[in-house]
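Each of the next two complexes has subunit A plus one more chain, namely subunit B in the first and subunit C in the second.
What follows is the complex of A and B.
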């Protein structure tokens, strides 16, 4: 027991310094492709590389819909001219036209996590927030099982038909003011499950989403950034030109 | 009117009731019982109040038995008056209820399926519980009068015999009345539903254990009578102090355990749940509210009045047994889901608390703390009265539920308050009282009892102090469990979702059942709010037992307008007078209730509360909360009404909600070491080998006392009977041989004695 305490003291604080300082450790993020001008590439061949239709062409410019990326690296590995790949993790974006969530969200928030048909990956990353390394309690974020106490609804998964009703009920049961954070490619766009006979194409189909965190799964730091955006403590990531209509 | 007249009127009314019910047609039996029963109990209440408040006690020799040097005496002293009063108070609503309720609660049969063949309360907690729930028969809600003539006759007989026990002034009359009461109880249980399997067995069990107790008590009385040379209580009392210590112990043990059987104290309480389940629902309230008091009266009469203990031993034993009864009773009450059985166990608990109070009083008498003894006796008597009131009320409620729904299983009830709002309200008053929550009566008496336990600091013996401390902790645990238990009872039966079948019609009780409940609920509240008026009355009863008055200690003139009084030092009063509690004293009835703990001169300590102010404060706080929430907090905010959170399920079914079993399961798990459930069998249902469809684990819970006391006794009796049965084999030749042998033995004995 005493050994345990001494070891703890000797080890010091291992918790990430984020959001005070940027996290620089290797492997904290799978990264995302960067759009822009790729003159050397054949735009169409690049677009056809992507299984989830991340890229689109806009007058020779590659536009990246980060919400769709599943980090398969097909556009990076094994191709002659890979796209640029950024190792960032501050990915949380907000709904158009809304940047301030107001005073009730500036301090501690309670989060109700709903697994709306998740494969387990995103939920696992959400779970990591509670471990000593990411330790979201230090930021005043707490998980609550009941929507009655929740300020923020964190949804993972593409919203299967069976979870649609429950998800609506959870949202209804939350007291106002309330925010919805959607985490992961599936929750944002339906991901690889897309719109099918069992699921919708993301949380937006069911609820108004306030903060979107891309990634498949989204790394814990990205989720943390999304929550910080929801509380107004971090600026949201820059959005690419709105790609939602491009594929419609 | 003077007391003897009132008593005569009571007996005359009982006699008239018997005659009228013999003459009246079966359809009028209910009216006879309700009207004459009410009048008789009013006479009883008036007699008790007269003797208690106006001090009009009396003693009247009736008849000297020829041959025996015994005079049958009717005597009403202040102690009897308390019991007479409370009996009348219980019998009044009970008569109305019994008059309007069908005598046979045939609905109880739905539950009998889950019971053992001999009507035991062994609850089989099986996973396949629902299997046996199928096919619940419809309740008998048809007739509203006891169609049974015998029932009415026996009820009036029981009223008279109960009163006679309290009025007996000598051993012979006491035992006669006691016997009559025991037999009438048994008859009332068996007369209504004799066809049902197992229920006659419960009746016999009640009779047999009661008789065993009576035998023990009679032995105790005879030991006293031999020492006194007289059968009169007065003579016994004056001679009892000369008894040797061994004899005193013998008398205490015989009377405590003898009368303890009737009261339902711990080693001999196994008859009680069985009898309550078997008894018709018109009779159970009387059984719980009036006859349990008889056992406690016997204990108090013998061990505090006739033969005050000379040393602390008997009192400590009574205290420990009482605490054990309270704990065991409460544990089983908390975990049982049958409303009647739960109330039966809770009766055991309450009787335990009263017995613990008596024990504390006896210890204080023996150790020469008369003021403390008076407080303990007052607390115990107060609790006894309260128990009679709320337990009767709760049994009315349970009887009504059973008649309406055909079940007493809390796991099958739920949401009843929507259909029976008034019954639910009255039942809520009862549960609040029994859970000892202010402003109802249970709170006052439990508070007093626990405060008395704390005062044991004034005892000199360390051992006694430790016993008091442990028992106080036990009683506190009991009080906490009682809250759990009755939250469960009310919530599972009246709140939540309706679990009953859709076709089962549930409607508000008729006025014949509602009125008694309303009367008792009002009494519960009155006894909780105005203890300062009741305690002086009780004090006149306990004064002779303790040799001191508790009124000065419990209701001192602190919160009165004038500071002058005779028993407390002026400086002491000055300290406490200006606490501010006398504000509004002209407006509110009732002063503060106080348990004095004087401490030293420098650090006087007073435990005080005022029940009448408390109710005002409670109402004020309720209103304040409402005002704050309605007018202030929600004024600036938008109020949204959404459905309750149910976990996001599509359709919340009653089967998904909390059940009584689930609610009390933590208690069951924590006290597993006490309950010691034995896994009886594991059944594996398989389609093929290695392919199980279900594993059914039957857990049988045998009551602790059943396992330790009742089953060994039963085994021993059965063994003895089987030994005797060997003689009864039906061979005529052998019987002739028995006769011959007997004749020879008699002759030999006769010859031997004649020669010598």
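What follows is the complex of A and C.
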């Protein structure tokens, strides 16, 4: 028994200083592409390189729809002019016209996680929030198995037909006020799986979404940021532009 | 059994009914009359020591082609048994009576193609849930339009799933699809009369994204994205299997550096996946400190992967014909050094777990899968090896240069939860051993050979962290994918999962679930 204690102490403190201080360790995020200037004669080839139509052109400026990025790296690897890439992780975004979060969400919140067709990676990253590196409990975030106790519904996956009914039932079973956090490119846009006879193109097709966290998968720090945004403890990410209208 | 022996046996037993259609060093295609199919498959599987890789159904212009893929050790190579019939003919003999491993394959084909298998004990309500889908939808048929939204039937309040136990006092405990904290969506019907689980029927495919259908008529480059992303905790392994299938079709000769780097990354993924599996076992037994230690190991390996490749789950590295980008030697050396440190931590954790009686009590002699059953069910990977079925594709049918590497394939006999845990630790050690050899063998050179796409079909296989993964790809003249069939290891292992929970108590259920190391996303694809 004592050996467990000794080894526990030997492991030391691993927990990140985030959100008090930025996390600088290597390997915590895959990053996302950023827009900006790009050589005009390469713009079209860049746009056609992307399988999920992340990029669009606006007077010589590249506009990036970060929600669509699936980290295939085809715009940076093996190309003549790689697009700019940013190793950030504060990606939680609130769309215009959403609810004010306010007082009920300021303190400890309970989170119900629903897998609506996820590939396993986003879910694994949510699971990592409980490991000592991130330890979400210290911030008052708790995972609850039952929707009845939940304040926030965290959804991963593009929402398959078979899960649509279950997802709605979970949402309806949650007491108000409640918020929905959609995590990962699939939950935001359907990712590589949309749109098909068995798959919606994201959670928004089924439920009102309050906070969006891009990434494929969204790394743990980004999910943490999304939850902090949902509780009003962090500002939402600055968007490059609102590309919503460009593709939809 | 080697090839000449096999051909002699076949000529003797089924003269005129089974013919060798084509042959290469590793693959023998046997065209088989329908009447001879069950017995031929039975001999291969039960007598001649071939493993069942999968059933691949293809709808041609005028006829069905059913391909039963088997593989043996080394020289025995691959044997594909082919049965054809005109499209109007939709009944085939079932091989399930002899090859139980084919059970779910036939159910899947029945559900998605509308083919009937004569003699199969239970067809229907599998991928397309009966309570949601209309009758007679056959989504894998060529004429089915995958972009059109389906009109489902209204949820039927009175619909009840199939029940097996009819004893007085027996009841069904439904679990899922949303259950527990952070879990994948799957539904279990646990039938019980009280304390013990008598029958357990997993109801899967809540996450069915119809990857095989979505891949059709896409370019191989686009399908690679799907192959990597349908089960992303083992993304690299599945991406690799797909790439190898396409490269076989195109007769590509890969640069050595690409092969070695692929092995290095595949083993890094295995190490990380096993650390994650160990963490889940510790979590399920509520051993908080061990859970934290294993969680640290998994996160560190995720960070090592990200630092080396830019992505925590190794996305965006594979390309048809090699790798999308090169990885510097010194970065690989650094990743190896860090991985070795993580392995030291894992070894220390194992040493402690082996003397923690409260932990062992939950695993030992619980969830036993005997060797014979594991073999009959065609279980794969660490689960099978823990039950004494020690077959590993890296050894049995090596790919990507595994034949030149020194490593052991650990095996255990007990087949209980503890044996499965020990296998995970032992394989983690072997993975680091392989990474060491790969890093030492790196030589400068290119990492990608341009690929000339051409029409054809081939099977790609890898030993994924959860077991053998088989990807069948057919390309048409334009280089687009005409048929993509994925047989992931979790498909076989979910089939056998009920073995580990039946006759054991309810409280063992989550622990057995974690020791089986299953992925729903991989199965549901």
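In this text, the second predicted complex is superposed on the first by the 239 of 248 C-alpha atoms of A that agree within 3 Å, B and C clash if a C-alpha of one lies under 4 Å from a C-alpha of the other, contacts with A are read in each partner's own complex, and residues count from 1 in each chain.
Assume contacts are C-beta pairs under 8 Å (C-beta built on N, C-alpha and C of every residue); 3 or more make two chains touch, one makes a residue touch a chain.
Predicted model, so just to flag it, every value in this text is computed and none were measured.
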| item | value |
| --- | --- |
| Partner chain in contact with A:197 - subunit B first, subunit C second, else both or neither | second |
| When both partners are placed on the shared chain, which of subunit B and subunit C touches more of subunit A | C |
| Which of subunit B and subunit C A:148 touches, first, second, both or neither | first |
| Touched partner set for A:160, first subunit B, second subunit C, both or neither | second |
| First, second, both or neither for A:36, with subunit B first and subunit C second | neither |
| First, second, both or neither for A:177, with subunit B first and subunit C second | neither |
| Partner chain in contact with A:26 - subunit B first, subunit C second, else both or neither | second |
| Contacts on subunit A seen with subunit B and repeated with subunit C across the two complexes | 147, 165-166, 170 |
| Interface residues, subunit A side, partner subunit B - complex | 146-148, 165-167, 169-170, 172-173, 175-176 |
| Interface residues, subunit B side, partner subunit A - complex | 638, 640, 642-643, 645-646, 648-650 |
| Partner subunit A, residues of subunit C touching it in the complex | 129, 132, 139, 145-150, 152, 155, 177-185, 205-211, 213-214, 222, 225-226, 229-233, 235, 276, 279, 289-290, 292-293, 295-296, 298-299, 302-307, 310-313, 315-317, 319, 324-325, 348, 352, 356, 448, 519-522, 524 |
| Of subunit A, residues touching subunit C in the complex | 3-4, 7-8, 11, 14, 25-31, 51, 70-74, 77-78, 113-121, 123-128, 130-134, 143-145, 147, 157-158, 160-163, 165-166, 170, 191-193, 195-199, 216-217, 219 |
